[in-house]
Amino acid sequence: MTPIHFECDKLIRFHHCDPAGIVFYPQYFVLFNELVEDWFNQGLGIDFARFHVEQGMGVPMGSIVCRFLSPSKVGEMLHLSLSINRIGKSSLELNVSGKAGGETRVQATLTLVLASLETRRSLPFPSELRNKLEGYLLPASG
Amino acid sequence: MTPIHFECDKLIRFHHCDPAGIVFYPQYFVLFNELVEDWFNQGLGIDFARFHVEQGMGVPMGSIVCRFLSPSKVGEMLHLSLSINRIGKSSLELNVSGKAGGETRVQATLTLVLASLETRRSLPFPSELRNKLEGYLLPASG
Amino acid sequence: MTPIHFECDKLIRFHHCDPAGIVFYPQYFVLFNELVEDWFNQGLGIDFARFHVEQGMGVPMGSIVCRFLSPSKVGEMLHLSLSINRIGKSSLELNVSGKAGGETRVQATLTLVLASLETRRSLPFPSELRNKLEGYLLPASG
Amino acid sequence: MTPIHFECDKLIRFHHCDPAGIVFYPQYFVLFNELVEDWFNQGLGIDFARFHVEQGMGVPMGSIVCRFLSPSKVGEMLHLSLSINRIGKSSLELNVSGKAGGETRVQATLTLVLASLETRRSLPFPSELRNKLEGYLLPASG
(Lines give C-alpha, C1' and ligand atoms only; values in the text may rest on other atoms or scores of the structure.)
Protein backbone atom coordinates (compact mmCIF):
# COMPACT_ATOMS: atom_id res chain seq x y z
CA MET A 1 0.00 0.00 0.00
CA THR A 2 1.37 3.37 -0.95
CA PRO A 3 1.50 6.01 1.75
CA ILE A 4 -1.26 8.57 1.63
CA HIS A 5 -0.63 12.30 1.43
CA PHE A 6 -3.35 14.68 2.47
CA GLU A 7 -3.47 17.54 0.01
CA CYS A 8 -5.36 20.79 -0.38
CA ASP A 9 -5.08 24.07 -2.26
CA LYS A 10 -5.07 27.46 -0.56
CA LEU A 11 -5.43 30.73 -2.43
CA ILE A 12 -2.80 33.26 -1.41
CA ARG A 13 -5.01 36.11 -0.32
CA PHE A 14 -4.40 39.82 0.02
CA HIS A 15 -4.46 39.50 3.80
CA HIS A 16 -1.64 36.93 3.76
CA CYS A 17 0.76 39.39 2.13
CA ASP A 18 3.06 42.05 3.51
CA PRO A 19 4.18 45.42 2.14
CA ALA A 20 6.75 43.56 0.00
CA GLY A 21 3.76 41.96 -1.80
CA ILE A 22 4.63 38.43 -0.70
CA VAL A 23 3.31 36.07 1.96
CA PHE A 24 4.21 37.33 5.44
CA TYR A 25 5.87 34.16 6.75
CA PRO A 26 3.77 33.71 9.95
CA GLN A 27 0.79 33.39 7.60
CA TYR A 28 2.28 30.14 6.26
CA PHE A 29 1.82 28.74 9.76
CA VAL A 30 -1.79 29.93 9.81
CA LEU A 31 -2.23 28.08 6.50
CA PHE A 32 -0.52 24.98 7.97
CA ASN A 33 -3.00 25.19 10.83
CA GLU A 34 -5.84 25.22 8.29
CA LEU A 35 -4.20 22.24 6.56
CA VAL A 36 -4.14 20.24 9.82
CA GLU A 37 -7.76 21.29 10.46
CA ASP A 38 -8.79 20.14 6.96
CA TRP A 39 -6.83 16.91 7.41
CA PHE A 40 -8.68 16.11 10.63
CA ASN A 41 -12.08 17.00 9.14
CA GLN A 42 -11.68 15.47 5.69
CA GLY A 43 -8.73 13.09 5.88
CA LEU A 44 -8.99 11.50 9.29
CA GLY A 45 -12.76 11.92 9.60
CA ILE A 46 -12.42 13.62 12.98
CA ASP A 47 -14.35 16.85 13.53
CA PHE A 48 -11.57 19.24 14.57
CA ALA A 49 -13.93 21.56 16.45
CA ARG A 50 -15.60 18.75 18.43
CA PHE A 51 -12.18 17.25 19.10
CA HIS A 52 -11.39 20.48 20.97
CA VAL A 53 -14.73 21.48 22.39
CA GLU A 54 -16.31 18.12 23.23
CA GLN A 55 -13.32 15.83 23.69
CA GLY A 56 -11.16 18.50 25.33
CA MET A 57 -8.11 17.57 23.29
CA GLY A 58 -5.78 19.67 21.19
CA VAL A 59 -2.66 19.26 19.11
CA PRO A 60 -0.36 22.14 20.15
CA MET A 61 2.85 22.63 18.22
CA GLY A 62 5.92 21.19 19.91
CA SER A 63 8.57 22.18 17.41
CA ILE A 64 9.05 23.41 13.87
CA VAL A 65 11.80 23.18 11.31
CA CYS A 66 10.87 25.23 8.26
CA ARG A 67 12.60 26.49 5.13
CA PHE A 68 11.15 29.30 3.02
CA LEU A 69 12.58 28.54 -0.40
CA SER A 70 10.87 31.05 -2.64
CA PRO A 71 8.29 33.80 -2.05
CA SER A 72 4.58 33.36 -2.80
CA LYS A 73 2.52 36.20 -4.20
CA VAL A 74 -1.09 37.30 -3.85
CA GLY A 75 -3.38 35.43 -6.24
CA GLU A 76 -1.25 32.30 -6.46
CA MET A 77 -2.69 28.92 -5.55
CA LEU A 78 -0.52 27.17 -2.99
CA HIS A 79 -0.71 23.38 -3.12
CA LEU A 80 -0.22 22.01 0.38
CA SER A 81 0.71 18.40 1.08
CA LEU A 82 0.97 16.59 4.41
CA SER A 83 2.26 13.18 5.43
CA ILE A 84 3.64 11.64 8.63
CA ASN A 85 7.33 10.95 9.21
CA ARG A 86 7.00 9.40 12.63
CA ILE A 87 4.32 8.57 15.19
CA GLY A 88 5.49 8.62 18.80
CA LYS A 89 3.61 7.77 21.98
CA SER A 90 1.93 11.17 22.14
CA SER A 91 3.59 13.17 19.39
CA LEU A 92 3.49 13.22 15.65
CA GLU A 93 6.09 14.43 13.17
CA LEU A 94 4.45 15.83 10.06
CA ASN A 95 6.12 16.55 6.76
CA VAL A 96 4.44 19.53 5.10
CA SER A 97 5.19 21.26 1.83
CA GLY A 98 3.71 24.14 -0.12
CA LYS A 99 4.16 24.32 -3.88
CA ALA A 100 3.14 26.80 -6.54
CA GLY A 101 4.27 27.62 -10.06
CA GLY A 102 6.14 24.33 -10.32
CA GLU A 103 8.43 25.00 -7.36
CA THR A 104 8.49 24.30 -3.65
CA ARG A 105 7.90 27.53 -1.76
CA VAL A 106 7.97 26.23 1.78
CA GLN A 107 8.97 22.93 3.37
CA ALA A 108 8.44 22.12 7.02
CA THR A 109 8.66 19.43 9.64
CA LEU A 110 6.06 20.03 12.34
CA THR A 111 5.94 18.11 15.60
CA LEU A 112 2.45 18.11 17.07
CA VAL A 113 1.67 16.85 20.55
CA LEU A 114 -1.63 15.36 21.62
CA ALA A 115 -2.62 17.21 24.77
CA SER A 116 -5.47 17.62 27.19
CA LEU A 117 -6.82 21.16 27.02
CA GLU A 118 -7.67 21.00 30.71
CA THR A 119 -4.39 19.74 32.18
CA ARG A 120 -2.21 20.99 29.27
CA ARG A 121 -0.31 17.69 29.54
CA SER A 122 0.47 15.30 26.74
CA LEU A 123 -1.75 12.29 26.22
CA PRO A 124 -0.93 8.94 24.56
CA PHE A 125 -2.72 8.52 21.22
CA PRO A 126 -5.91 6.48 21.64
CA SER A 127 -5.62 3.36 19.48
CA GLU A 128 -8.44 4.41 17.15
CA LEU A 129 -6.70 7.71 16.42
CA ARG A 130 -3.33 5.96 16.04
CA ASN A 131 -4.82 3.61 13.46
CA LYS A 132 -6.16 6.50 11.44
CA LEU A 133 -2.84 8.33 11.63
CA GLU A 134 -0.95 5.26 10.36
CA GLY A 135 -2.67 5.63 7.00
CA TYR A 136 -0.56 8.76 6.44
CA LEU A 137 2.73 7.33 7.71
CA LEU A 138 5.56 7.38 5.19
CA PRO A 139 7.51 4.12 4.92
CA ALA A 140 10.82 4.27 6.81
CA SER A 141 13.68 4.97 4.43
CA GLY A 142 16.64 2.64 4.36
CA MET B 1 33.87 42.95 25.21
CA THR B 2 30.84 40.93 26.19
CA PRO B 3 28.34 40.10 23.48
CA ILE B 4 25.23 42.22 23.42
CA HIS B 5 21.74 40.79 23.55
CA PHE B 6 18.85 42.91 22.36
CA GLU B 7 15.95 42.48 24.75
CA CYS B 8 12.36 43.64 24.99
CA ASP B 9 9.17 42.73 26.79
CA LYS B 10 5.91 41.96 25.02
CA LEU B 11 2.58 41.66 26.79
CA ILE B 12 0.69 38.52 25.76
CA ARG B 13 -2.53 40.04 24.55
CA PHE B 14 -6.01 38.66 24.14
CA HIS B 15 -5.58 38.68 20.34
CA HIS B 16 -2.47 36.47 20.56
CA CYS B 17 -4.42 33.65 22.18
CA ASP B 18 -6.49 30.78 20.82
CA PRO B 19 -9.59 29.01 22.15
CA ALA B 20 -7.29 26.97 24.41
CA GLY B 21 -6.42 30.28 26.14
CA ILE B 22 -2.74 30.14 25.18
CA VAL B 23 -0.65 31.87 22.54
CA PHE B 24 -1.55 30.62 19.05
CA TYR B 25 1.93 29.65 17.89
CA PRO B 26 2.04 31.71 14.63
CA GLN B 27 1.62 34.75 16.89
CA TYR B 28 5.06 34.02 18.36
CA PHE B 29 6.46 34.68 14.89
CA VAL B 30 4.54 37.95 14.68
CA LEU B 31 6.13 38.86 18.03
CA PHE B 32 9.57 37.81 16.70
CA ASN B 33 8.94 40.11 13.76
CA GLU B 34 8.22 42.94 16.19
CA LEU B 35 11.42 42.02 18.04
CA VAL B 36 13.50 42.31 14.84
CA GLU B 37 11.73 45.60 14.06
CA ASP B 38 12.51 46.94 17.56
CA TRP B 39 16.12 45.70 17.26
CA PHE B 40 16.59 47.60 13.99
CA ASN B 41 14.96 50.76 15.36
CA GLN B 42 16.43 50.80 18.85
CA GLY B 43 19.39 48.42 18.84
CA LEU B 44 21.00 48.92 15.43
CA GLY B 45 19.81 52.49 14.99
CA ILE B 46 18.33 51.71 11.58
CA ASP B 47 14.78 52.90 10.89
CA PHE B 48 13.07 49.65 9.89
CA ALA B 49 10.36 51.40 7.87
CA ARG B 50 12.83 53.58 5.90
CA PHE B 51 15.03 50.54 5.39
CA HIS B 52 12.12 49.03 3.46
CA VAL B 53 10.47 52.05 1.89
CA GLU B 54 13.46 54.27 1.11
CA GLN B 55 16.35 51.83 0.79
CA GLY B 56 14.25 49.11 -0.84
CA MET B 57 15.72 46.38 1.33
CA GLY B 58 14.11 43.73 3.45
CA VAL B 59 15.08 40.81 5.65
CA PRO B 60 12.80 37.93 4.61
CA MET B 61 12.92 34.74 6.63
CA GLY B 62 15.05 32.00 5.09
CA SER B 63 14.55 29.26 7.65
CA ILE B 64 13.32 28.64 11.17
CA VAL B 65 14.05 26.07 13.83
CA CYS B 66 11.75 26.62 16.77
CA ARG B 67 10.79 24.76 19.93
CA PHE B 68 7.66 25.61 21.91
CA LEU B 69 8.59 24.48 25.41
CA SER B 70 5.71 25.67 27.51
CA PRO B 71 2.49 27.58 26.76
CA SER B 72 2.12 31.33 27.39
CA LYS B 73 -1.13 32.77 28.66
CA VAL B 74 -2.97 36.05 28.17
CA GLY B 75 -1.71 38.76 30.52
CA GLU B 76 1.79 37.34 30.90
CA MET B 77 4.81 39.46 30.03
CA LEU B 78 7.08 37.63 27.58
CA HIS B 79 10.73 38.63 27.81
CA LEU B 80 12.29 38.34 24.36
CA SER B 81 16.03 38.18 23.80
CA LEU B 82 17.97 38.24 20.52
CA SER B 83 21.61 37.68 19.63
CA ILE B 84 23.50 36.57 16.52
CA ASN B 85 24.97 33.09 16.09
CA ARG B 86 26.54 33.64 12.69
CA ILE B 87 26.87 36.38 10.07
CA GLY B 88 27.21 35.13 6.50
CA LYS B 89 27.73 37.06 3.28
CA SER B 90 24.05 37.96 2.98
CA SER B 91 22.36 36.00 5.73
CA LEU B 92 22.16 36.19 9.46
CA GLU B 93 21.47 33.47 12.00
CA LEU B 94 19.63 34.84 15.02
CA ASN B 95 19.19 33.15 18.35
CA VAL B 96 15.85 34.20 19.86
CA SER B 97 14.22 33.18 23.11
CA GLY B 98 11.03 34.09 24.95
CA LYS B 99 10.83 33.69 28.71
CA ALA B 100 8.10 34.22 31.27
CA GLY B 101 7.40 33.04 34.80
CA GLY B 102 11.00 31.93 35.23
CA GLU B 103 10.96 29.45 32.34
CA THR B 104 11.76 29.45 28.63
CA ARG B 105 8.55 29.30 26.64
CA VAL B 106 9.94 29.42 23.11
CA GLN B 107 13.44 29.10 21.67
CA ALA B 108 14.24 29.69 18.01
CA THR B 109 16.99 29.98 15.47
CA LEU B 110 15.94 32.32 12.69
CA THR B 111 17.91 32.75 9.47
CA LEU B 112 17.21 36.12 7.89
CA VAL B 113 18.40 37.04 4.41
CA LEU B 114 19.20 40.57 3.28
CA ALA B 115 17.29 41.06 0.04
CA SER B 116 16.36 43.69 -2.49
CA LEU B 117 12.60 44.26 -2.45
CA GLU B 118 12.71 45.01 -6.17
CA THR B 119 14.69 42.05 -7.51
CA ARG B 120 13.83 39.75 -4.53
CA ARG B 121 17.47 38.58 -4.68
CA SER B 122 19.86 38.40 -1.77
CA LEU B 123 22.33 41.24 -1.25
CA PRO B 124 25.70 41.16 0.54
CA PHE B 125 25.63 43.10 3.82
CA PRO B 126 26.97 46.64 3.34
CA SER B 127 30.02 47.07 5.60
CA GLU B 128 28.31 49.68 7.79
CA LEU B 129 25.42 47.30 8.50
CA ARG B 130 27.84 44.40 9.04
CA ASN B 131 29.74 46.43 11.62
CA LYS B 132 26.55 47.16 13.52
CA LEU B 133 25.47 43.52 13.39
CA GLU B 134 28.81 42.35 14.81
CA GLY B 135 27.98 44.05 18.08
CA TYR B 136 25.34 41.34 18.63
CA LEU B 137 27.49 38.39 17.51
CA LEU B 138 27.95 35.69 20.14
CA PRO B 139 31.56 34.49 20.55
CA ALA B 140 32.20 31.19 18.73
CA SER B 141 32.10 28.32 21.17
CA GLY B 142 35.20 26.40 20.95
CA MET C 1 -34.30 40.86 -13.50
CA THR C 2 -33.88 40.01 -9.84
CA PRO C 3 -30.89 41.45 -8.03
CA ILE C 4 -27.97 39.11 -7.60
CA HIS C 5 -26.36 38.34 -4.25
CA PHE C 6 -22.85 36.97 -4.21
CA GLU C 7 -22.66 34.21 -1.64
CA CYS C 8 -20.00 31.95 -0.18
CA ASP C 9 -19.44 29.76 2.85
CA LYS C 10 -16.49 30.17 5.20
CA LEU C 11 -15.57 27.62 7.84
CA ILE C 12 -14.98 29.24 11.24
CA ARG C 13 -11.48 28.05 11.94
CA PHE C 14 -9.51 27.63 15.15
CA HIS C 15 -7.38 30.65 14.21
CA HIS C 16 -10.44 32.91 13.91
CA CYS C 17 -11.36 32.34 17.55
CA ASP C 18 -10.31 33.98 20.80
CA PRO C 19 -9.88 32.64 24.32
CA ALA C 20 -13.65 32.92 24.77
CA GLY C 21 -13.98 30.27 22.04
CA ILE C 22 -15.81 32.58 19.63
CA VAL C 23 -14.78 34.54 16.54
CA PHE C 24 -12.47 37.43 17.47
CA TYR C 25 -14.40 40.24 15.80
CA PRO C 26 -11.55 41.67 13.64
CA GLN C 27 -11.47 38.24 11.99
CA TYR C 28 -14.95 38.91 10.59
CA PHE C 29 -13.39 41.75 8.63
CA VAL C 30 -10.66 39.43 7.37
CA LEU C 31 -13.45 37.10 6.22
CA PHE C 32 -15.28 40.05 4.59
CA ASN C 33 -12.05 40.82 2.77
CA GLU C 34 -11.97 37.24 1.51
CA LEU C 35 -15.62 37.64 0.47
CA VAL C 36 -14.82 40.74 -1.61
CA GLU C 37 -11.82 38.92 -3.09
CA ASP C 38 -14.01 35.91 -4.01
CA TRP C 39 -16.66 38.24 -5.42
CA PHE C 40 -14.13 39.93 -7.70
CA ASN C 41 -12.63 36.60 -8.82
CA GLN C 42 -15.80 34.56 -9.19
CA GLY C 43 -18.71 37.02 -9.28
CA LEU C 44 -17.38 39.97 -11.26
CA GLY C 45 -14.86 37.96 -13.28
CA ILE C 46 -12.02 40.33 -12.30
CA ASP C 47 -8.78 38.78 -11.05
CA PHE C 48 -8.37 40.51 -7.68
CA ALA C 49 -4.58 40.01 -7.62
CA ARG C 50 -4.05 41.37 -11.16
CA PHE C 51 -6.41 44.24 -10.36
CA HIS C 52 -3.89 45.27 -7.70
CA VAL C 53 -0.57 44.21 -9.19
CA GLU C 54 -1.12 44.89 -12.89
CA GLN C 55 -3.81 47.58 -12.95
CA GLY C 56 -2.51 49.35 -9.83
CA MET C 57 -5.98 49.73 -8.36
CA GLY C 58 -7.36 48.84 -4.97
CA VAL C 59 -10.60 49.09 -3.04
CA PRO C 60 -9.63 50.42 0.41
CA MET C 61 -12.32 50.60 3.06
CA GLY C 62 -13.85 54.04 3.51
CA SER C 63 -16.27 53.32 6.32
CA ILE C 64 -17.97 50.50 8.16
CA VAL C 65 -21.18 50.12 10.07
CA CYS C 66 -21.35 46.68 11.62
CA ARG C 67 -23.49 44.86 14.16
CA PHE C 68 -22.37 41.65 15.85
CA LEU C 69 -25.66 39.99 16.69
CA SER C 70 -24.66 36.59 17.99
CA PRO C 71 -21.28 34.86 18.48
CA SER C 72 -19.89 32.29 16.00
CA LYS C 73 -18.00 29.27 17.20
CA VAL C 74 -15.14 27.20 15.82
CA GLY C 75 -16.35 24.54 13.37
CA GLU C 76 -19.45 26.43 12.28
CA MET C 77 -20.02 27.24 8.63
CA LEU C 78 -20.67 30.94 8.14
CA HIS C 79 -22.78 31.76 5.11
CA LEU C 80 -21.72 35.14 3.74
CA SER C 81 -23.86 37.18 1.37
CA LEU C 82 -23.02 40.41 -0.45
CA SER C 83 -25.05 42.86 -2.49
CA ILE C 84 -24.76 46.55 -3.39
CA ASN C 85 -26.87 49.26 -1.79
CA ARG C 86 -25.50 52.18 -3.77
CA ILE C 87 -22.94 52.88 -6.49
CA GLY C 88 -21.38 56.34 -6.36
CA LYS C 89 -18.86 57.98 -8.67
CA SER C 90 -15.92 56.23 -7.07
CA SER C 91 -17.38 54.50 -4.04
CA LEU C 92 -19.54 51.51 -3.44
CA GLU C 93 -21.82 50.72 -0.52
CA LEU C 94 -21.99 46.99 0.12
CA ASN C 95 -24.51 45.17 2.25
CA VAL C 96 -22.88 42.11 3.82
CA SER C 97 -24.30 39.53 6.19
CA GLY C 98 -23.02 36.38 7.84
CA LYS C 99 -25.44 33.68 8.90
CA ALA C 100 -25.08 30.34 10.68
CA GLY C 101 -27.35 28.02 12.60
CA GLY C 102 -30.45 29.75 11.21
CA GLU C 103 -29.59 33.18 12.61
CA THR C 104 -27.74 36.29 11.48
CA ARG C 105 -24.45 36.55 13.31
CA VAL C 106 -23.06 39.71 11.75
CA GLN C 107 -24.54 42.39 9.51
CA ALA C 108 -22.49 45.16 7.92
CA THR C 109 -22.57 48.07 5.54
CA LEU C 110 -19.13 48.53 3.97
CA THR C 111 -18.19 51.52 1.86
CA LEU C 112 -15.35 50.70 -0.50
CA VAL C 113 -13.52 53.32 -2.53
CA LEU C 114 -11.87 52.70 -5.90
CA ALA C 115 -8.36 54.09 -5.58
CA SER C 116 -5.07 54.25 -7.39
CA LEU C 117 -2.40 52.39 -5.42
CA GLU C 118 0.22 54.83 -6.68
CA THR C 119 -1.46 58.18 -5.95
CA ARG C 120 -3.73 56.78 -3.18
CA ARG C 121 -6.49 58.98 -4.63
CA SER C 122 -9.97 57.88 -5.52
CA LEU C 123 -10.77 57.03 -9.14
CA PRO C 124 -14.13 57.11 -10.93
CA PHE C 125 -15.39 53.62 -11.79
CA PRO C 126 -14.50 52.69 -15.38
CA SER C 127 -17.75 52.02 -17.27
CA GLU C 128 -16.96 48.33 -17.77
CA LEU C 129 -16.50 47.84 -14.03
CA ARG C 130 -19.62 49.92 -13.30
CA ASN C 131 -21.67 47.72 -15.60
CA LYS C 132 -20.49 44.60 -13.80
CA LEU C 133 -21.21 46.13 -10.40
CA GLU C 134 -24.77 47.03 -11.42
CA GLY C 135 -25.60 43.34 -11.61
CA TYR C 136 -25.37 43.25 -7.80
CA LEU C 137 -27.25 46.49 -7.14
CA LEU C 138 -30.34 46.12 -4.97
CA PRO C 139 -33.45 47.89 -6.30
CA ALA C 140 -34.08 51.21 -4.53
CA SER C 141 -36.70 50.79 -1.84
CA GLY C 142 -39.65 53.12 -1.81
CA MET D 1 -14.06 68.16 36.36
CA THR D 2 -12.88 67.70 32.80
CA PRO D 3 -13.58 64.39 31.13
CA ILE D 4 -10.63 62.02 30.94
CA HIS D 5 -9.39 60.53 27.69
CA PHE D 6 -7.30 57.39 27.82
CA GLU D 7 -4.46 57.72 25.33
CA CYS D 8 -1.64 55.56 24.03
CA ASP D 9 0.72 55.40 21.07
CA LYS D 10 1.02 52.39 18.80
CA LEU D 11 3.80 51.97 16.26
CA ILE D 12 2.46 50.96 12.85
CA ARG D 13 4.38 47.76 12.28
CA PHE D 14 5.31 45.84 9.17
CA HIS D 15 2.79 43.13 10.09
CA HIS D 16 -0.08 45.65 10.23
CA CYS D 17 0.40 46.57 6.56
CA ASP D 18 -0.88 45.12 3.34
CA PRO D 19 0.65 44.88 -0.15
CA ALA D 20 -0.41 48.50 -0.74
CA GLY D 21 2.02 49.44 2.08
CA ILE D 22 -0.71 50.81 4.35
CA VAL D 23 -2.51 49.47 7.41
CA PHE D 24 -4.80 46.58 6.48
CA TYR D 25 -8.01 47.91 8.02
CA PRO D 26 -8.89 44.88 10.23
CA GLN D 27 -5.57 45.57 11.97
CA TYR D 28 -7.01 48.87 13.24
CA PHE D 29 -9.53 46.79 15.18
CA VAL D 30 -6.72 44.66 16.60
CA LEU D 31 -5.08 47.92 17.70
CA PHE D 32 -8.40 49.11 19.19
CA ASN D 33 -8.53 45.83 21.11
CA GLU D 34 -5.04 46.56 22.45
CA LEU D 35 -6.24 50.06 23.37
CA VAL D 36 -9.18 48.67 25.38
CA GLU D 37 -6.78 46.17 27.01
CA ASP D 38 -4.36 48.97 27.94
CA TRP D 39 -7.26 51.10 29.18
CA PHE D 40 -8.44 48.32 31.52
CA ASN D 41 -4.92 47.61 32.77
CA GLN D 42 -3.60 51.15 33.09
CA GLY D 43 -6.63 53.46 33.01
CA LEU D 44 -9.30 51.58 34.96
CA GLY D 45 -6.87 49.60 37.09
CA ILE D 46 -8.54 46.30 36.17
CA ASP D 47 -6.29 43.44 35.06
CA PHE D 48 -7.78 42.56 31.66
CA ALA D 49 -6.49 38.98 31.74
CA ARG D 50 -7.81 38.27 35.25
CA PHE D 51 -11.10 39.94 34.32
CA HIS D 52 -11.48 37.19 31.70
CA VAL D 53 -9.80 34.22 33.33
CA GLU D 54 -10.68 34.69 36.98
CA GLN D 55 -13.88 36.75 36.88
CA GLY D 56 -15.22 35.02 33.77
CA MET D 57 -16.29 38.28 32.18
CA GLY D 58 -15.61 39.73 28.77
CA VAL D 59 -16.47 42.78 26.72
CA PRO D 60 -17.46 41.47 23.28
CA MET D 61 -18.11 44.00 20.53
CA GLY D 62 -21.79 44.73 19.95
CA SER D 63 -21.50 47.17 17.08
CA ILE D 64 -19.05 49.39 15.25
CA VAL D 65 -19.30 52.57 13.24
CA CYS D 66 -15.92 53.43 11.80
CA ARG D 67 -14.54 55.85 9.23
CA PHE D 68 -11.09 55.39 7.68
CA LEU D 69 -10.15 58.93 6.75
CA SER D 70 -6.57 58.64 5.59
CA PRO D 71 -4.13 55.72 5.25
CA SER D 72 -1.43 54.97 7.84
CA LYS D 73 1.99 53.72 6.78
CA VAL D 74 4.57 51.41 8.30
CA GLY D 75 6.81 53.23 10.78
CA GLU D 76 4.27 55.88 11.73
CA MET D 77 3.26 56.36 15.34
CA LEU D 78 -0.51 56.22 15.72
CA HIS D 79 -1.86 58.20 18.65
CA LEU D 80 -4.99 56.47 19.96
CA SER D 81 -7.52 58.20 22.20
CA LEU D 82 -10.56 56.72 23.96
CA SER D 83 -13.45 58.23 25.87
CA ILE D 84 -17.03 57.19 26.68
CA ASN D 85 -20.09 58.61 24.94
CA ARG D 86 -22.70 56.71 26.89
CA ILE D 87 -22.93 54.11 29.66
CA GLY D 88 -25.96 51.85 29.49
CA LYS D 89 -27.12 49.13 31.84
CA SER D 90 -24.73 46.57 30.38
CA SER D 91 -23.24 48.29 27.36
CA LEU D 92 -20.76 51.03 26.77
CA GLU D 93 -20.37 53.34 23.79
CA LEU D 94 -16.75 54.30 23.25
CA ASN D 95 -15.44 57.09 21.10
CA VAL D 96 -12.06 56.11 19.64
CA SER D 97 -9.75 57.99 17.31
CA GLY D 98 -6.33 57.37 15.79
CA LYS D 99 -4.17 60.29 14.72
CA ALA D 100 -0.79 60.60 13.05
CA GLY D 101 1.05 63.26 11.11
CA GLY D 102 -1.34 65.94 12.34
CA GLU D 103 -4.45 64.33 10.90
CA THR D 104 -7.15 61.91 12.01
CA ARG D 105 -6.64 58.58 10.27
CA VAL D 106 -9.48 56.60 11.80
CA GLN D 107 -12.50 57.52 13.92
CA ALA D 108 -14.81 54.96 15.48
CA THR D 109 -17.74 54.47 17.79
CA LEU D 110 -17.52 51.07 19.45
CA THR D 111 -20.31 49.56 21.53
CA LEU D 112 -18.97 47.02 24.00
CA VAL D 113 -21.21 44.73 26.01
CA LEU D 114 -20.35 43.34 29.43
CA ALA D 115 -20.96 39.60 29.19
CA SER D 116 -20.47 36.41 31.12
CA LEU D 117 -18.02 34.15 29.28
CA GLU D 118 -19.90 31.10 30.56
CA THR D 119 -23.49 32.00 29.67
CA ARG D 120 -22.52 34.44 26.86
CA ARG D 121 -25.30 36.70 28.18
CA SER D 122 -25.01 40.37 28.99
CA LEU D 123 -24.48 41.42 32.59
CA PRO D 124 -25.33 44.74 34.28
CA PHE D 125 -22.21 46.72 35.19
CA PRO D 126 -21.23 46.16 38.84
CA SER D 127 -21.33 49.52 40.63
CA GLU D 128 -17.57 49.56 41.26
CA LEU D 129 -16.88 49.13 37.53
CA ARG D 130 -19.55 51.70 36.64
CA ASN D 131 -17.91 54.24 38.95
CA LYS D 132 -14.56 53.72 37.27
CA LEU D 133 -16.10 53.98 33.81
CA GLU D 134 -17.78 57.30 34.69
CA GLY D 135 -14.36 58.93 34.94
CA TYR D 136 -14.08 58.60 31.16
CA LEU D 137 -17.63 59.72 30.33
CA LEU D 138 -17.85 62.77 28.07
CA PRO D 139 -20.29 65.44 29.24
CA ALA D 140 -23.59 65.30 27.35
CA SER D 141 -23.65 67.89 24.58
CA GLY D 142 -26.43 70.42 24.50
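Each chain gets a letter, A, B, C and D, in the order it is written, and its residues are counted from 1.
By definition in this document, contacts are C-beta pairs under 8 Å (C-beta built on N, C-alpha and C of every residue); 3 or more make two chains touch, one makes a residue touch a chain.
Because the structure is predicted, anything quoted here is derived from the model rather than measured.
Trainee: Nearest 5 degrees is plenty: how much rotation brings the CA atoms of chain A onto those of chain B?
Mentor: 180
Trainee: Over half shared numbers or under half: where do the identical copies chain C and chain D land at their interface, same or different?
Mentor: same
Trainee: When the contacting C-beta pairs are counted for B-C and for B-D, which pair yields the higher total?
Mentor: B-D is joined by more C-beta pairs in contact.
Trainee: Quick check: how many Å separate the C-alpha centres of chain C and chain D?
Mentor: It comes to 24 Å between the two C-alpha centres.
Trainee: Between chain B and chain C, what is the separation of their C-alpha centroids in Å?
Mentor: Centre separation, chain B to chain C: 35 Å.
Trainee: Just how far, in Å, is the C-alpha centre of chain D from the one of chain B?
Mentor: Each chain's C-alpha centroid was found; their separation is 29 Å.
Trainee: Could you pull out the residues of chain A that touch at least 2 other chains?
Mentor: Within chain A, the residues that touch at least two other chains are 14-15, 19-21, 24, 26, 30, 33, 52-53, 74.
Trainee: Give the list of chain A residues in touch with chain C in this complex.
Mentor: Contacts found on chain A: 11, 13-15, 21, 30, 33-34, 37, 47-50, 52-53, 73-76.
Trainee: Please output the residues of chain C touching chain B within their complex, sorted ascending.
Mentor: Per the touch definition, chain C meets chain B at residues 14-15, 17-21, 24, 26, 74.
Trainee: Given the complex with chain A, which residues does chain B contribute to the contact?
Mentor: Against chain A, the touching part of chain B is residues 19-20, 22, 24-27, 29-30, 33, 52, 58, 60-68, 71, 117, 120.
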